[in-house]
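Have a look at the structure that comes next, please.
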Amino acid sequence: MILSRLAARPLLLAAGLVAVLALPWMIYPPVALDIICWALFAAALDLLLGFTGLLSFGHAAFWGSSAYVAGLLALRAGLPFPLAVLGGALFAAVLAVPVGYLSVRLRGIYFAMVTLAFAQMIYFVVNQWRDLTGGENGLQGVPRELAGLDLSDSFVFYHAALPLVLLGLLAAWRIVRSPFGRVLMSVRDNPARAQALGYPVQRYKLLAFVLSALLSGLAGGVFALGHGFASLESVYWTTSGQVVMMVVLGGIGTLWGGALGAALVVLLNDYLVTSGFEGIGIVTGTIFVIIVLVFRRGIWGTARHLVQDRARRPGGPPSAAGEPDGAPAPTGVGSPV
Amino acid sequence: MLQQAFNGLVGGAFYAMLALGLAVIFGMLGVVNFAHGAFYMLGAFGSYVLLDSYGVNFWVSLAVVPLALGLVGVLLERLFVRRLTPLDPLYNFLFTFGLALILQDLVKRRYGVQSQPYPRPALLDGTVDLGLFTYPAYQVFVLAVSLVLCAAVWLVLTRTRAGMIVRAATERPELTRALGVDVGRWVTPVFGFGIALAGFAGVLAAPMRAVNPLMGADLIITVFAVVVIGGLGAIFGSVTAGFAIGLVSALGNLYVPALSQTMVFILMAAVLLWRPAGLFGREEALS
Amino acid sequence: AGGPGAGGSAGGISDGKVVLAVLNDQSGIYADLSGKSSVEAVKMAVADYKAKYGDKAVATDVEVLSADHQNKPEVANSKAQELYDRQRADLILDVPSSAAALAVAGVAKAKKKIFMDIGAATTELEGAQCNKYTFHYGYNTYMLAHGTGATVTKDGAKNWYIVYPDYAFGQDMQKNFTAAVQGAGGTVVTSDPAPFPNDNFSTFLLKAPGLDPKPEVLGTMQAGGDLVNLVKQYNEYKLRDKGIGLAVGLMFITDIHSLGPDALAGTKFTEAWYWNGSPENRAWADKFQSVAGKRPSFPNAANYSAALQYLEAVQRAGTDGADAVVKQLEGHTFEDVFARNGSIRAQDHLLLHDVHLAQVKPSAEVTEPWDYEKILSTIPADQAFQPADPACKL
Amino acid sequence: MDGPVLCARGLTKEFRGFRAVDGVDLDVAEGSVHALVGPNGAGKTTLFNLLTGFLTPTAGRITLGPHELAGRRPEQVARLGVARSFQITSLFPQMTPREHVELALAGPTGVTWRFWRSDRLLDRHRARAMDLLGEVGLAGHAATPAGTLAYGHKRALELALALALDPKVLLLDEPTAGMGAEDVDRTVELIRAVRAGRTVVMVEHNMNVVAGLADRVTVLQSGRVLAEGPYAEIRHDPRVVAAYLGDAHAED
Amino acid sequence: MPRTDAPLLSTRGLSAWYGEAQVLREVSLEVGEGEIVTLVGRNGAGKTTLLRCLMGLQARFAGTVEFLGADVTRLPAHRRARRGLGYVPDDRGVYATLTVEENLTLPPVTGPRPWPLAKVYETFPRLRERRSFPGTKLSGGEQQMLALARVLRTGARLLLCDEPTEGLSPLIVRQIGDILREVRREGGTVLLIEQNVHFAATVADRHYLIAEGRVVESLDNDQMRAREHELLTYLGI
């Protein structure tokens, strides 16, 4: 088991790297850029959902607010692209402190509703604060440049952004496989036990929330600069829903699954946009419902499950993905979330 | 001012009715129904379609549409929701989220996004004199009906055998079964009933609100905030918070229009700081 | 059409093909007032162009594409790039929703390809965010506000109460409306921002009769579902009976259909084009109905006109090279079924044309389906739109 | 055995007017094994929850040496050297016993905040973890996910976790519950082994275990202390006999 | 009371698990109509679990349960209750959201000799006094009375009582004994978990001794009394 893991990891890593480098050749560069941004966003969300057991339904607040702040930094302060993006990400992290402080005390479903409501509040603020944000017109004409180099060509920008995004993904991976990540997983599986071991559970959750917001912000900032504007859409609840969908589609608690989910959703959307089919929600909604009902492990999770021996530890969502798909919860005990 | 307050209550009536349905479903099944807004929309659309295509009037719709939607709810519970209830509640939340997308887009595809016309019922076209001021009859009707409805559901849940069973089954489902009550038989209708409540609110909304596929989508998020304020699962709390938020936002529109959209959410944050489980919530909301 | 950099190429049709792309909302809130039916309108323009020039047509092979931007600026942005780069589009049309339009304008500028916006209302397109390759075609917030505000005030309703949605479009409309009302000698008693979206306007409606001085007209800047909500409730509170008329900032014929004409009967608004406004319009509307299955909204007709004028410009230029076509379009004056006394202002690429002050008929006067409007007067092209904004540097 | 290390004074917990723990005074002598017995619902678990910060007392004080414990959160109490096991096994099903113990060992060092380091940082606790697992007889199962361990092994892991915190005071809630006779004997031996240098408080219904291990016994009933003393003494206390041991018991 | 030929209730090879822990091992026992039978055994022996199996509440189990001559092993709990099984859970199972009277009237009448509410109140005057209070506002002992009264009201043919005397004052315990004997006099049957061996011997006809999930012995009252001391050590108290 250890051996096969050791062999598989560099292989998968290499494959992923090749895919990411080849992406703008294979598909249209702006779409490729969308994919990597959403992939990072999904990984950031999975950090919370899959590894801490918290379903945030308001992550648009962080992705979007960073988009605006990064945009403003580039537009008004003339900061070069990476600095603007980092500024946005930092802002998202700071915003996550009060939001997280208030929400992290609540359990599963309550947490989801409260984060959703907070994000909606941010949406209204952005919408109304027109002088700064451009309101519903969006923050337009955001420049992209680095050391005097114009990055507005999306093929060029993709390569300029890739290191930042990879750094973010690496960070997500590092967090999950860090001592801190170990504690997060223990908090997810059994918070009372973690507390009894001396871990201040709420504070761990809060830090996880802030880190997740930081990475979401990183993704959102790159996304905004990549498009050259920040729009209200980025702080709207549908954005939060979309990223949750990507994570669930890819597989909760798989980290890379989110990236896969992101790629699929972006490509599907891109296809539907010109297909002439008017019910995008029908397609995405149906896929989502099927995943939730039948393939709760998601694509990555199912694949991994098929490849690996059953006995091996499954990474999983708060309670369900640990057992066979569709099986009822274990007898007697309620889920801890 | 008094009139404005009254007016806020009318707006609050919709929050209250939706929050009531959400709370009933949550209290009984532990399901947070993201599709609640979509069923509200279907309620309004249902009455539009009945009127437009079959000439069925408002009053008939008010009875038929919630009933039909209630049946849809029963089917949903039987086919899907039931399979997910033993799992983490997040799965039902996600399921209903997907469902909301589907329902919304199905209606969109069929009828477009443009709002559909729906006239006020002739009987309620006028105004009524309430002593202190006159007021549109339809709005008085909506407020009265919603108050009666919320009170009735409250009474049913507190005073009748059905309510007693629902409460008992919510509190201790296993023991309630052991005492000879078929809890499962009650759960499905309760889900249906919650959905019917959403549909009922939708039918009531049709004559005074824009009837379009998106009408429930944004509303439901505000209703979530309302329910969080009232205390999730706390039926009395949800309804009270619904009316209260209606009142607060009407007055907010008047005095601090800049804050009117965020007011609910600011209130929610404040309540959470003070009472993390909501005003009337039980502590199990907390981790 | 040409690849990157083809904008400067002179002579001939790149790739032997002219590609027109309609990028608009085909599934969201603007789908009904433009959406897929505008694709039909553009195809009609192509057919009419071919019929007119026959063998002499410069653009022999014209392809019409369409894409759904779902009202998401991000999607509009990516899609616009893809349309220009990969699908070899020479022209992008429509793009309702200002955020998406501004995003596409940025792409047009970068790719040096032509963009003719119809659906968006913002004056930013011909203001600070204008560029050489972007044209704004049909209407804007100034024209809506100015037409209705000034005319209704001159007709005698001096005191206004304005309710506007608290977002960019509404804020713009409020500003323009207030200026128009005041310019015509009226007063804006109060203007209130309302939440957006909002389904309960009763606070404002209740407040209206109590204002001092009492307003004679309620000016609403709401659009779409919000407008429908507001009007339904306006009727509930019987404000018309209390002497407060209704003027609507932006109304599409689809909105009238949603509410039923009686709900709006007597309401005045500025209309860019009405299908039954003249025999020519009607003839075109009949043709449109035979392909699209419904009566055209003004954005439908504007899409037709924009596509047609673009093809005419290609014809004159003898090429689809963007720079050459822009030169042909700038300052061009013309007349077609949509644009009467039409001219494209060279300074800011805004289409000037005659627009109308319209009134909603009561259902008693409605003689056929969708026959909801009465044209009260025509606002001539040179008065309908704002003077060129000095902030615009092409 | 010295003076008391863990003291409760007037400890009270009310649940909506119902006093589950009602003015309990408790002195646990340093180095002793102190058993807590009483009928179901007497308030033993509630008392444990109060002592470990899982519940906040309605009234009363809890002191651990110089520290006041009432009002502290569970993790703070744990850090002060009070570790507990759970009446119902409470583990991380996807983690191996080794990972469990490493996590318990790492807590006080602060490395678990380092989200930028590899989780191999936890390996530095491996040797100690394996020692502990060896002590409780789990060495052979160090790499099996805890969710698939046998029940007795889970109980053993509970104990290992409590030990890993190197607590001054070890609180064991029914450590032999659900164990077969051999497991009970083994656990008794284990507790006997680990009590060296520690104070142990345990809730236990098995009087053989109590008789074999406990230096002192506190009998709770309806949230109050009914009796306290060495087992040999309280087993003849008529009140205890009446409330808990049963009439017949006193006669033998 | 003599045993009738066909037992009212019988089990064969009942085993049960919680997670991986097996808590019942191949339990077979019988209860005849009109009998009072106790299950005795130390804490954790599996007595409650056995009752849960009989009631249809145990998720993981094997073996069969027959009641009134029919196999009810696969029947859900509410159907068993409707056939005449009445259950007093060990945690009393009083509803906080129901008043005392609602607690009493919640379960449907399922047997031939239901106690009318008046009789319940006559027997337990404290319950009448507090009938409009939320159930859990009662003292522990009162809650225990309520739980027992609740199944008496249904008239169930077989009462499954899990430690019905726990936490009650001796006076009430004696009263419970009287009530159980009255139930038997009226033709009812009781299967009772009882820690109090003395009480068990005064009220019951027969006893099953449970240890580590097995029925180790079946004793009548005389044997029980004779071997009391031995049993107590066996029980581990």
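Letters A, B, C, D and E mark the chains as written, and numbering starts fresh at 1 in each.
By our rule, contacts are C-beta pairs under 8 Å (C-beta built on N, C-alpha and C of every residue); 3 or more make two chains touch, one makes a residue touch a chain.
For reference, the UniProt names are A, B = Branched-chain amino acid transport system permease protein; D, E = Branched-chain amino acid transport system ATP-binding protein.
In this text the structure is predicted, and so the values were computed from the model without any measurement.
The set of chains touching chain A and also touching chain C is given as B.
Of all chains in the assembly, those touching chain B and also chain D are A, E.
Contact counts per chain pair peak at A-B. Of all chains, E has its CA centroid at the greatest distance from the CA centroid of chain C. With centres taken as mean Cα positions, chain E sits 44 Å from chain B.
The geometric centre of chain A is 41 Å away from that of chain D, both derived from CA atoms. Centre-to-centre, using mean CA coordinates, chain A is 54 Å away from chain E. Between chain B and chain C the centroid-to-centroid distance comes to 37 Å (mean Cα coordinates, whole Å).
None of the residues of chain D touches two or more other chains.
Counting partners per residue, chain E has 18-19 as the residues that reach two or more other chains. Listed for chain B are residues 105, 108, 258, 261, each touching two or more other chains.
Listing the residues of chain E that touch chain D in their complex gives 18-21, 23, 42-44, 90, 136-137, 140, 166-167, 195-198, 212, 228-229, 232-233, 236-237.
Every residue of chain A that touches chain B in the complex is listed here, in rising order: 55, 102-103, 105-110, 112-114, 116-118, 120-121, 124-125, 127-128, 191, 201-202, 237, 241, 244-245, 248, 278-282, 284-286, 288-289, 292-293, 296, 317-320, 326, 328-329, 335, 337. Touching chain B in their complex are the following residues of chain E: 55-57, 76-82, 87, 89, 93, 95-98, 102, 105-108, 110, 150, 154.
Interface residues of chain B, counted against chain C in their complex, comprise 3-4, 7-8, 10-11, 105, 108, 112-117, 119-120, 127, 136, 138-139, 205, 207-212, 214-215, 218-219, 249-251, 253-254, 257-258, 260-261. Residues 16-18, 39-41, 150-151, 177-178, 180-181, 205-208, 222, 245-249, 251-252 of chain D are the ones touching chain E in the complex.
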